[in-house]
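The structures come next, written out as structure tokens.
One chain, chain A, links the two complexes that follow: it is found with chain B in the first and with chain C in the second.
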Partner chain A sequence: MQEAMINKAKQLLADGTVNRVIGWKRGEFVYDITPAVFETAEEIDADFVCDDFTAANVSKYLVKESRKEGKILAFLKPCDTYSFNQLVKEHRIVRENVYVVGIPGGPKLDAEKIKAKGITGILGVKNENGTLKIDTLYGEETMPYYEAILGKCETCKSRKHVVYDELLGEEGEVISAEDSGRFDMVEKLENMTAQERYDFWREQLSKCIRCNACRNVCPACTCENCVFDNPASGISNKAAADSFEENMFHIIRAFHVAGRCTDCGECSRVCPQNIPLHLLNRKFIKDINAFYGEYQAGEDTTSRAPLNNYDKDDCEPSIVHERGVE
Partner chain B sequence: MQVNENTNFEPVIVAFCCNWCSYAGADLSGTNRLNYPTNVKIIRVPCSCRVNPMFILRAFQKGADGVILCGCHPGDCHYTSGNYFTRRRITLLYSMLDFLGIERDRTRLEWVSAAEGAKFAATMQEFTDAVRKLGPNRRLEDLRCRKQ
Partner chain C sequence: MLRISIDRADELFAAIAAQQTLYLPADREDGQAEYKKWEEGVKLSGRLNTVRSAKDFFFPQTENLAEFKMEGKKIEVIDVRRESEDFVIFGVRACDARSFGILDKVYLVDPVDTFYQTRREHGTVVTMACTRPAETCFCQTFGIDPTEPEGDVSCWSDGSFYYFKANTDKGQKLLNSLSSLLEDGDTATLDETKAKTKEILAKLPLAKLSTENFGCDKLNEYFSSAKWAELSESCLGCGTCTFVCPTCQCYDIRDFDTGHGIKRFRCWDSCMYSDFTKMAHGNPRLTQLERFRQRFMHKLVYFPANNNGEFGCVGCGRCLSKCPISMNIVKVMKALEEK
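And now, the complex of A and B:
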């Protein structure tokens, strides 16, 4: 795929369709892959990568990039197209200034999961019939492929591109909630007692170092002035002082993206503390589906978001008191 | 107020009341000389829809043991549709608090009209009793704000 993408990028640059390409390049390590903008065929030949570790969603970068001079080429995986669409809907991305090429999705791999097996000095990986062969500084190592899959890819919601100008490879299908199992863990938590849930979240949220990575990466978090950067709030630019501040940050972050979060999984992927933030987002998604009808953010650019909408017969908040485990 | 954990704990209740209905309802219960617990601290807001989730969390942070939000009955909002949006937001917020293991009886939403002074007093009494039973808010408190 990388070959085809490079050719496509060079072709579109050469015929003047676009004047920039947003893709990815390597950092210090092979698994350390970060979005980058390329302007020439030479730069692309030198640095462009798209491999098993290329998980980063570039949609959010297009908020700024699409406001610059000329058109930019973006390669979007199926999940990324939902974020892209959502940003177009919110008038954050200028659609005309982006040429979208849909590329196949993952599963992508999680270097942390490989390292957790005690495998270090990773130089490259290859999947051979379900066995992941890892080339390292210290020789070849192996592990089961499925154990190295990135969390967000394990519960993939769709292999279908909801927007593109051109597609490389085959188009896929939307995956049902039952098949993806993406609400299973939320359900498990809902069935715990309040005390157990409290303990679970204390353990998770107390790990937060308020690095803000989850907010910075989130394609739904594109506010010019974020509440968490407000110097008058007492909570900007610092670690949480106590459990209240931890809870507040996470409740508010998740709430602000409720109804707009496409479940792209980026927040959990980037969290250096491995906090399962997707569970908070998915709780909102699950509730919205249950209370106000099935809704998938980013699926289209015309429907009203559930929190910008209402129905005269909506359920009362007392529903929270009536259902589930106390 | 001296908070004594087990014996005579008196909860602090914050009630966000919309200006047009619920606040007037509270007023009416006063002019009718109906009693409601002194635990209740009313914060007047222009519309129930003015209350964003941060308000509710901040109330807990600053020492509330229970938070109740009151607005006009659905269909009666003086800004036409404010309370319909409130209803969605607050349902999701309360559900999230429950998901995080915060006791669900610490939060409530009630529609109270300007004519329902008696309902206002009764609701406050009932809610205060429910929160009193739960004891002090420990799961969503800020230790730095705790009164000695």
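And now, the complex of A and C:
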């Protein structure tokens, strides 16, 4: 696929369809890939990569890139197309300035999961029939391939591209919640007692170092100046002044992206502390589905979002009490 | 050399914890390691390093400096400082151990930061020599030998024993207090372990990374380099690199209105943040390019310029594994060096 993408990129650059290409740039090791904009065929030949570790969603970069001179080619995986569409819907991406080439998605791998096995000195990673063979400074190590799959890919919601100008490879299907198991963990949390759930989140959120990586990578977080960065807001963002603030940052963020979060999973992917932040968003998605009918943010660019809409059949706020609070 | 069988690690930790609070890297559920207060059952992690560095012990992410209470025109200033307790950090790697020296150059020079100083005085650092360096390690670039870590006490492991050597009075005092547990033993197998580690160190992918093209004389050339635009292009402007970094030392001081008084706190700041060093007139670094450049110029040019050539990085590799977009000091160094 990488070769087909490189050829496509060079062709579209050469015929003037686009003047830039956004993709991924290879790093020092096998896994440290950086999203990058390429302007020439030489740059692409030298550094362009698309492999097991190119998990980063490049859609958010297009907010800025689509406002520059000329058209940019963006290679989007199925999950990335949902983010892209949502940003088009919110008038954040200038659609006509982007040439979208859909590419097959994951599953992508997570180097941290390999390292968590105690495997270190990683020089190369190869999947051989379901076994990951890892070349290290200490000799070859192996682990089951599926155990190294990136969290967001484990519960993949769709192999279908919801937007593209051109497609490379075969188109896939939307995966049902039953098949993806996307809401299994949310259900598990729902079935906990209030105290157990509180303890779960306290333990997870207390690991937060307030680095803002989750917010800054989030395609739904594109405010020009976030309330948490505004000193006039009275929020002590840089200091976890108390545990309340630490929790509230994530909960407020989840509320703010509710109905707009496409469940791309980038928040949990980038969290240096492995906090399962996507579960907060998934809870909202699950509830929205239950209260307002199935809705997938980013699926289209025209429908009204359930939380921006009013319908006489909408549930009443009392639903919270009806569902029972411990 | 003084040593104790690793089988007796719990006895050792219990003996230390009986005198002082003991912190050591312990595995978390997700396979990452984090410093934890030792108590019965806590095991020393086998991971190379913790997610957060050991700087937290001397330079915590948030601390209260003072409180103010106002009544009419009277302001009462309350000193909230508590006496620090003695503590031991066990298992600090050579990179983190060197970072304390770098932080000292900032906080223990005039005007001395007494909050930091107190914690330094109360803390005893027991290091742990590395035996399984990772591909992300490049402490050698900064003249650190991970098989000979600094600290109040240096500790080595050969898989069967922990070996100890005191480097300071504080360290000697700690070892003296543990004398009933420690025995003298030969270091033949330890020497083998060290030799094996040194072989790996020579083979590390970043073993050849050098600082020779960095330092104060590069200020103008690098500051105005055209490379920053490309290097900073995908930077998210998050603070991950700065917050996992053992040497990042910038902080912010703010007042928090509690509703019935003011709490003045200090917290880690990040040059990657849009409000970093924001002053009445605004922010001197308007774009992410300038903020990004600040971080690397500080470590590779400004810090050595002000500290006899010492660099503000210890090569621990945390930013290499943790940056969400995998942009880091190694990539920056390599790019700047390229003509």
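Everything below uses one rule, namely that the second predicted complex is superposed on the first by the 318 of 326 C-alpha atoms of A that agree within 3 Å, B and C clash if a C-alpha of one lies under 4 Å from a C-alpha of the other, contacts with A are read in each partner's own complex, and residues count from 1 in each chain.
In this section, contacts are C-beta pairs under 8 Å (C-beta built on N, C-alpha and C of every residue); 3 or more make two chains touch, one makes a residue touch a chain.
Keep in mind that what you see is a predicted model, and the values were worked out from it rather than measured.
Trainee: Kindly say whether there is room for both chain B and chain C on chain A in the superposition, answering fit or clash.
Mentor: Superposition check on chain A shows chain B and chain C fit without a clash.
Trainee: Thinking of the overlay built on chain A, is A:S206 touched by chain B (first), by chain C (second), by both, or by neither?
Mentor: The answer is neither, since A:S206 touches no partner chain.
Trainee: After lining up the shared chain so the two structures overlap, which partner does A:R197 touch, if you call chain B first and chain C second: first, second, both or neither?
Mentor: In the superposition, A:R197 contacts chain B only.
Trainee: Quick one: classify A:A258 as touching chain B (first), chain C (second), both or neither.
Mentor: first
Trainee: Which partner does A:L307 contact after superposing on A: first (chain B), second (chain C), both, neither?
Mentor: first
Trainee: Could you say whether A:N289 touches chain B, chain C, both of them, or neither, answering first, second, both or neither?
Mentor: A:N289 contacts neither chain B nor chain C.
Trainee: Classify the contacts of A:T17 with the two partner chains as first (chain B alone), second (chain C alone), both, or neither.
Mentor: neither
Trainee: Could you read off the angle at the CA centre of chain A, spanning the centres of chain B and chain C, to the nearest 10°?
Mentor: The vertex angle at chain A equals 90 degrees.
Trainee: With both complexes superposed on chain A, which partner does A:S180 reach: first (chain B), second (chain C), both or neither?
Mentor: In the superposition, A:S180 touches no partner, neither chain B nor chain C.
Trainee: With the two structures laid over each other on chain A, which partner does A:L123 touch: chain B (first), chain C (second), both, or neither?
Mentor: After superposition on chain A, A:L123 lies in contact with chain C alone.
Trainee: With the two structures placed on a shared chain A, what shortest C-alpha distance in Å links chain B and chain C?
Mentor: 5
Trainee: Once the two structures are fitted together, what part of chain A is touched by chain B and by chain C alike?
Mentor: Residues 241, which sit in both footprints.
Trainee: Using the touch definition from the top, list the residues of chain C that touch chain A in their complex.
Mentor: For chain C paired with chain A, touching residues are 30-32, 34, 46-48, 51-52, 61-62, 132-136, 200, 203-206, 230, 233-234, 236-240, 242-244, 252, 254, 256-257, 263, 265, 267-270, 273-275, 278, 320-322, 324-328, 330-331.
Trainee: In their complex, what parts of chain B are in touch with chain A?
Mentor: Chain B residues touching chain A: 53-54, 57, 60-61, 74-75, 81, 84-85, 87-105, 107-109, 139-144.
Trainee: List the residues on chain A that touch chain C in their complex, please.
Mentor: Those in contact with chain C are residues 27-29, 31-37, 56, 61, 111-113, 115-118, 120-123, 136-138, 207, 209-213, 215-217, 225, 229, 231, 234, 236, 238-241, 269-270, 272-274.
Trainee: Can you check the complex and tell me which residues of chain A touch chain B?
Mentor: Within the complex, chain A touches chain B at residues 189-190, 194-201, 227, 241-242, 244-245, 247-248, 251-252, 254-255, 258, 280, 283-284, 287-288, 291-292, 306-312, 314-321, 324, 326.
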